[in-house]
Structure formats: C-alpha cells, structure tokens
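Please read through the structure below; I'll follow up with questions.
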C-alpha cells in the first residue's frame, strides 16, 4: 500500500526526517511517500502558521496524482485533519491522535511532552476535539524553542527528558507521547530516565494507517466528512513557483 | 471606534448583508468596515471551505492598512479565530461564541439552529473548544441548503422555525441562536413561534466587540496568542487578481 | 437607558464605590442607579450572608418604582441571580458571570483571584452553575480578609498580586478576573506584574447589560425564569426601619 | 436522637405530612421535630420562592432553642443547604441529595420525577452542585401543578406514574426518586407500573441523618462551611407576628 | 437484621478486624456476619488480586445458606460489586462508595487516602464508575505498603496522616476517607492533624446497608442487575479444601 | 509474531469463530493462537459471568507456556483487561476498546450496537473507564438474545441492522462498532443499510496488537500495571478436569 506522509512545514529536511521515521516502522509492502507543502512556514509554532499548514497540506494532497491508500498529517497539534477527511475517502491519520490512541493501550494515563510552551494549548485543544483527554495527565513543554536544539542539543534534550520525568512522577502519567521530532536519541533517553513506554507520533500513525487500510475501512461520508458541495472557489489554489 | 467585520466567504452581497446587520446595532460613533476575503468559497459549508476561509480572513485583515479597534469574524462555526488572535492585539470576536455567550445571560439552556446538517458538528466543535457547551441544549439543522432559500424562501424559513420550536419543546432550550443569516423576517418568526429570545450572532458580536474596546481590554499575549515568532513564510500570501 | 446596580451588602460606602466603577465605563446616555439592600450583612463572606443578600437584593429591586432597563447584581460569587430573573423581564447580569464571559474572549484560560479562602468554593459553584468552568484555570484567594485592606493596604494588594501571578505562571491562566473590589490601583498592579488582561466584574457587567438592552433581548420566560405563580406569601417582605 | 425536619413552605398541613413520612421510617429513639418557616410562600415552585425558603428555614432553625442532632431540609430542589451547614455543626441533609445518594446504591442510573416543568432546572442544578449527575438519567415532570392533585388526584397520580415509566423505558433509569410529596399511594403505583425501586426523599434523608449522627460525623468547618465571621447584620431577622 | 460483611482477602485476622469495626457502629438488632473468601490473595493490592477477590466474594456469598438482609463488600477500590448485585435481591454496598457518599454530606470536596501508590488508580476508577468524582479532590497514597505497618507502625501512620494533611491543605479536601484499615488510632490522628471529618468505609457501609433495609429498598432488577440468565457454567465453582 | 486470542466464554465453537475472524485480518507472519477458558459460562451476558470470565481468561493465559507477543481479550464489554496488564509485559488489547479507538479515526461520532439490552451498561462502563465516551453517540441493543440467532437468524440480524440505522439517523453516529459476533453477513448488511463504516472488534484488535508489537511498545509497569507483589494466594488456581 502507499501512504502519503505530509509534513506541515516547508522545511524539506524535516520532511526527510519524518519519512525516515515512517519508513523505519512501515510494514513490508508499504510505500511511504513524503510530501512537503508548497507554501507556509518553515516551522509551525502557533495558530497562524498551523492554519496556513492546514490549507497547504490539503492543496499538496489534492495535487498528488498517483493512487494512494491513506494520508498521515505529520504535525503535532496542528489544524487541518477534518478538511482532509472531507476531501478524501481514504483514511486520514493525525499524528497527535495516533500517538494518544496508542498510548491509551499501554497505561492508565498518558502525557504529551513538547518543546514550546505556546504549543501546549494547541495540543490540548486538538486532543479535546478528538475526545482523548479523559486519560490525559498533562501536556508539558520544555520551554526551549526548536532552534535551541542546534545551539545546544544536549541541553534541549535534557530539558525534554526532565519534563517527561515530571509528567510521570508529578502528573502520574504512565506513558509519554513525544510531541516534538528530530532529536536524536530522545526516545531512548526518555525511556531510560522514566521507565515508561514512549510513543512517537509518526511511527504510531503509520501503524494506524496501515491497520485501517488492511481492515478495509474508509472515512465515513454520511455527515461531517461528506465531500465538499460543488461550488465556486475564487482565486484558489494559489499559483506557486 | 472602528470595527472590521470580515465575511468568511467571497460573496460580496453576503458581506453587505452582514454589514447592514452590524450597523443596525452599532453604537453611535462605531464605524463598521465590512471586508470580503480575496479568495475562498462562495459559501462555507464544511471543513475544507472553512479552513480556506480561516486563512483568507487572516490575510484580508493583515492587508488592511488603516487603524481599527476590533475584528469580528462573521461566519457561524468556522475555523480561524485563534489565528487572528495571534496576529492582532485588538479583540477578535467570533459570532458563534458571541451568540452563545449572549444567550447564556438570558435562559437556563440555549440551542443553535442552522441550515445544513453537516454544519452541526462544526458548530458543536467550535462551542466545545470555546467552553460553551455545558448549557447547550442542542445544535439543530433544518436540512435545507442555503440555496433552497432562493428557490422557496417560505419553506426554508418554515423549516428553520420548526427546528427552533423543537429545540425549545423537545431539547428544552430557553434561548435560540440563529446559525444562519440572510433570511428576512427569520428572527421575528422564530420569536413568534417559540416565545423565547432569539440571538443573532453578528449583532451580538458587535456589542461584545464594542464592550471589550470600551473596557480597554485586549487579547492576552502571554502564551496561546503570543505573536507569531519571526520566521520564513514561503510563497505566501498568494498574489491575487 | 437606566441600569440598577445593586450592592449585595448593606455598607453604603461600598455601594458608592461600585457605582463609581459602573459610571466610569457606562456609555453616554446610560444612567446608573446604585441600590443598597435594606437588610443583610455589612459584607458577604459566606453562604448564610449570601443567601440573605439574595433575598435582600430581590426585595430592594421589587420596591424600586421607576422604570429601568436592566439590573446588575454586584456581588462576587453570591446567590440570587436566578430569583431576580424570575421576577423581572429585563436582563439580569451577575458580575461573576459577566467577568468570566468577558475573560473568555481574551485568552485560552482565565482565573479568578479573590481575598478570602472560604469564598473560593462559592465562586467555583456559581461558575459551575453558569457553565463557565471549562476554561477556568483556577480560583485563588490571598487568604487575607477584606478588613486587612484597611490595616495594611499595601500588604493586602501585594498578596492579591502574588496570587494573580501564580494563576498565570502555575495554573496557566491568560486572563485574570478580580473577585474583590475596592482596592485602589489593584488592577494596574496586577497588569504590571502579570502582563495579562485583568477584568473587573462591575465594569464588565455594565457593558453586558447595555449590550443586552441595545439588542432588545430580555430574560426567557418559557420555563426556568417564568414569573412566580400567584400565591400567598406569608409575613413577607419584612417591615424595615 | 433528635432531628429537626424543616418544611420549606409555610403550609402547616404539608409540614405534618412530611413529619409523618419521617416518623414512619425513623429508628426507635429518634425524635422527629417538624418545623414550619415563619415567613415565605405557601408552596415553593421557583427560584424566588426557593430563595425565600432558604433564609426562612435558616431563621427557623436558628430560633430553635432545644438541643438537636441533625437537620433535614425537606424541599425538593430548593436553595439553602449550604447556609445551614455554615450555621450548624450538626449534619444537614437535603432531601434531594439524600434521595439521589440512596438511589445510586440500587441501580445503574436513576431519574427524578416531579410535578411542575419549571422545577426541573432547579432540581438539575442542585444535583449538579452536589456532584450527583453522572448517573442521572433524567429529571422529568408531569406538567400538572400541585393543585391539580386536589381537583383530580387520580389524573395527577397517573401523569406522574407515566413519567416514571418513561424514565425507566426511554431514559433507561433503573431507580426513580419522587420529587413531589403528598400523593397517597404514589410510591406503590410507581413501583407497580415500573418494577423499579422508588426512593422517597424525606425517608431517605431520615436514614442518612441518623447514620451521620451514629457515625459521630459533623459538618466540616475548615473552609466552605466555617461559621460566619462575626459582623453586623442589619434589620435581620425580621420580626414576625 | 442480618448483614453479611465479606472481606476481600483470605486473611482471617483482617476479617475479624473488619467485623469489629462493623459491630461497633451496627444498630441494636443488627447482626454482623463476617465472611472470609475460600480462595484468593492474603491481601488485595492490584487488579489481578482484586478480580480474584471479586469472584471469591461472590462464591462465598452464594454458598451462604442462612437468610440475610444486605451484603457489604469490605475492600477499598476492589472489583466485584456489580456481580453481587446481579446475584442478589438484597442491597449490596461497597465500602469505597459508601465512604464517598457519606463524605459528600459533610463538606464541599473529599479526598481518599490509602497506603500503596498502585491502589490509587483502582480507587479512582471505582469512584468514576460510581459517579462520585465530581467532588473528589484527590486520591493520595503514603507509598508505604501495608506490611510496613508491622515493622514500624508509627512511621506508617505518620505517612498517612501527612497525606491527609496535604489533601486538606493542598488539594482542598474538606473531608477525608480512609482507604486503608487496621491501623489503631489512625482516625483519631488524622482528625487531630487536619481538623476535618474522617470517614471509615466499613462503618459508613454498615449504616448505608441498614438504611436501605429499613427503607425497604432492594437492588433494581430491570436491566443492569437482572439475575443471570440460566445457562451452563463449566468447572465452577472450584472445589476448595 | 504470535498473538493469543482468548475467548471469554467456554464455548469452543465461538473460540473457533473468533479465531477465523482474527486470522482473516492478521498480517503475514502473525500466528493467531485461540484459547478457550477452562471454566466459566457458555456465554457472557452480565456481570457475574463477566467477572468469572476475567479470572478464567487470566488463568488460561498464565497457564500458556509458549512465548507470545500480545494478548487479545475477545469479549465485548467484559471485565478483566487490567488484570492481564498486570500479569504480562506484552501488550493486552480488549476488543471493546480496539473497536472504539479504530472507529474514532473514521467519523465524528460512533455507536456500538449489541444484542442484549442488559449488556449496554457494561459496554458503557468499559468505555467510560477507557476514556472513550466523549465521541460515543450511543450504545444500542436489539433486545434479542444471542440464542434468537439460531431460532430465526434473519429476524435477529434485521433487529441489529435496525438499531444500527437508528444509531446513524437518530443518535448521529458516523461509524458503527458491532458488539456482537457470529452473525454471518451482519457487517455487510449494516454497511448496506447505513452507508457508514462498520468496525469489528476482533479484527480491529488484531491490527492494534500487531501495531503495538511492531512499535516495540509494552505495557507500562510504573504504577497501575506493575506486577503483582509476591504473596500467598490460597486455593488458587482451581484444579480443572
């Protein structure tokens, strides 16, 4: 089967990193097709950039001409999944929800740990809409921006690990979802420090998407995700390049 | 004071209709500036069109060069308010939330009545995020699309009135918010049929926006709605026209 | 328009202070009529006194003979608003609810900061009944009674400011409602310390009441707030003075 | 032990009826002391009358000079229990809460059936504050006022029985609480029609009060129900008679 | 009346201790019949042991041949109450729920304090199913296993008392339920340290069971707790001894 | 990988049917090992039988001597999953939760349709504990017992299909989970009648279990599901056969 894995920002190197994560867990016979939006922010760290990503992801997928079996939106806490579900019949999986759903099979409560403090409410709101907050212990942020990773990667990783430990010890999480990508060895260090299972959103989403395809299930079209009604769309999509 | 009232679709006649509703209730000294997005759907009836509206509204407001005191997003159940709040210091008011907040001062429970069945989950989700569902009795739809209004306006209005009556009698709403605009005499007929107060979202939003301005209050910038961090935005905004 | 602003305690100087707050924000053409109950406690700091205030406010309003357009109950976390809504057709606005509704337009979560610890559950319960707790971060108290204000005003204000800062930093509030009046400069100091918008209940209630009147909306009479049925009321109202 | 059972209205015949219900279930050695408020409505059917009852009940209990071990507030869905808890150290039991607590031991979900439609939101709100709504299937009303009982008792009882049956069959209640007193044979008829346990609030409250006394438990005084602070109460209590 | 009080573990000395607690509060004329399961763990400290207890308790009660009026399941946070309710017509009372129900009559919020950290989620889940978490402030554990009691009883009691104090001061509980038995003087020390009412589950359950019996109420049989349908049960119950 | 699929009742033909469902969806390389408990009821239709199943499943898995990678508990709405999670390090998947988690990726709300009315509260409670009720539209039952299937299979299937249609049309479900197995062609008929995706619990659980294994994730052992502490278990497990 072929799964489109769409980055939410326009940084190609992050798309590649996401693709590698996806391929590492994909089943034999699954082809991962990484896509980078044609417009939008180099990284998504707030609602404006996230809304931009929502439409850029949709246009990128609409422009893809080969057949495919499922789509993964690979951004943590971002807007847009509902729009993709309207446009497509194939399953659409958001990594925030895939991670949380997976975590709930492993422990009594789970937490999400991310980098920027301002991302916390976005993640909380996406989980709230997804109906996945009853067993959410906390969403925690290290407070260090993503760029700090490059300046001082050890310090950045240490700050994340520390928040994961607090999630387990203070908030009583039994599973941790990592809501930030691209940190080498991060998962291992969180496991080592906390002793709890650590869920990576991209990997979880690949297995969820594969499962839905294998089960022959597609997005329900009876109401919320019925195809858009035919109508005039003005000045859209934008001409790019 | 000057309030931008932004339509969510690209139909100029609807922008004018919204502007008239806003002006009818605006206080002396309040200038209503109606804006129509430069791109997007002729009407918003689903998530894809709604996400498109979200970014189109943001770009329209960003491009506006005169000073202003508040912004109203005039679409029922649409995405985008959070992004505007990031971009702006002045208050941003969504008509879905303004109507619900207003309704809660008038009765024990309130309902929203709209046209399309597929809009119901969008409205429910926006109210859920806004924390305004504890006293929500129901969101009901007449099932008739907006276009039916033109073909047979009396039937369309009658269908809405019937749902409002069911909201009051079956769902036990004591106030009704109308989640659909542009129907002459609709409010009067719902009041006549149900005997309960009927809240129009645009009108409610104008008074909320004026109130926030007079109170000297602006959007909180400490976390969720902090301004976007400076970064590269690729191929955006789109060149239109 | 004329708005009755009813104090919940029998201390006339506090009624005057509330009236000044209300007049400072009232629109041109709005007349504020301050009222002090004829019986009850010199300050409301618990359920017994609050229930007493509820009936004293109702009787004071019932005894008022001139026409008016709305009523504000100016006590934080007090009982009684539902009774007024039964007795009156005009809008009734409680300052606790007006502050919370207003705060929700400005940030992702809000907190209330008050003086006495024992007032916290009363405020929580009123917000729970009003359906305004989904985005409530916390209700915090300084622990200092109101009287401490006179003995050492700087310490009392400092204690409040400290709790507001904890609400923002620990509880993640993005807006603060002040559930205690009469402290000169309090709002300014909380803004200066926390950087978040600070909502005063009396001021917020004035704009809400004015808005409802301008929108032509009145209390729903179909069920919960239908007028009391005609019946014998024994030994009531009490003869005073 | 001695338990004060306080009616919420000023109709002495209803106080007697309540006393008989209480005495029928009281343990040997329990003395039931029925009290009728000195002021207030002949029946409580709304918020205004209910707030009046709250203070009238408190004053009646305050004026009682003999020792006693517990107090029962015998009104369904009425205000005031929190105030009594402040004034007294002995346990205070509201019949609405006692019935619901009792019902929860007997089935998966419970309903409350009452007479007047307008009482439904009051009962819902009291149960909400009491934290007893998770397993509440519904609050239903027959729509017939209490006075209809005298005009056509059979029809009134039949209407209640019909709502109880709907609670069991439609709302899936497994236990029914009767939120209306004084109907001969009502309990038996509801049991006969529905086959589910039927809880009478007054009887349940007597056993709860006796239990708390026997367990040596008293109202917590650390925060919410701490005694009122000493202060000036103006023109209160009213002189009656 | 006769009440079966069933221990959840196979340690006879604990059954005796529970029986003494029950008898201390039982009304004159109430006979307490203590029962120890024939199989299962010497103490229940987790889900496996708790599920084992659930069936062992059921079989012990099924094997009891004399008439009785009610059953108390005397384990904190254990599985099984629903099964007993199916098998029996007489009331079934779980001490976890009896304690919480009782606590809710005494203060605004309550906490449960227990020994083992791993018991916290079990207790939380049982209270969640019972619909008793709205006013639950916290479930706290001392972290010391039950056996620590024997090695150093003073330290064990001190650790519990410390958590109870934190429940009151940090979590704002106004009543404490003790979710661990068999510590001499524990209740007195918690009362002395916190000043709040302390509820013992076994004692509370005895009064609840007696109350239900005196009210003539039995378990609802219309749906959830209807008797098991006649069918083949293979290899069960186990032959013991 | 090897996955144990454990039936909850003692009817071997149902174990075989479950095994066929599991094998139909299992990935190449996945070995399905069906297990039938050694004791318990021929079908689980209530709490007593369900608790019995919980311990029978645990003992059957404990007695299994070969290595395996995951366990599926194949009963809808049954007790016991938490106990298995304590006993095992490998992932444990309950089909009720796997179906609901899967459904949530496909539509805005989902319903569960089952046979017996008395199973509804059990399923609701399991979903409540699993934190999967926010988007649950309803749990509906056809009211026909499983045995009706044999007497008149067409009528039994038709009754289920009718409830599924009501779930979609009345309760607004967009996905349906089938909480009853063994009906030939049931899924197809529900899809044909409703047009929504239909999720089979056993199939969903197989893909979830495979996913967890491939992701290298195991049950968290830090608190709730830590291994049972070493202690004496009396008269257990039972000698069978």
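Miscellaneous remarks
So that you can tell them apart, the chains are marked A, B, C, D, E and F in the order they are listed, and the count of residues begins at 1 in each.
The definition used in the following text is that contacts are C-beta pairs under 8 Å (C-beta built on N, C-alpha and C of every residue); 3 or more make two chains touch, one makes a residue touch a chain.
Composition by chain, UniProt nomenclature: A, B, C, D, E, F = Hydantoin racemase.
Just so we're clear, the structure is a prediction, and the values are computed from it rather than from any experiment.
Farthest chain from chain C (centres taken as the mean of C-alpha atoms): F.
By residue number, over half of the touching pairs seen at D-E are also found at A-F, the match among C-D, A-B or A-F. Copies chain B and chain C of the same chain sequence form an interface built mainly from equivalent positions, shared numbers / all numbers used being over half. Chain centres here are Cα means. That of chain C falls 43 Å from that of chain E.
Computed from the mean C-alpha positions, the centre of chain E lies at a distance of 29 Å from the centre of chain F. Residue positions of chain C with contacts to 2 or more other chains are 108, 120-121, 172, 223-225. Only residues 25, 27, 91, 93, 97, 101-102, 104-108, 130-135, 168, 172, 174-175, 194-197, 199-200, 203-204, 207-208, 210-212, 214-215, 217-225 of chain E touch chain D when the two sit together in their complex. Chain A makes touch with chain B in their complex at residues 10, 38-43, 45-52, 54-55, 58, 79-80, 82-83, 85-87, 117-118, 120-122, 125, 128-129, 145, 223-226, 228-229, 231-236, 238-241.
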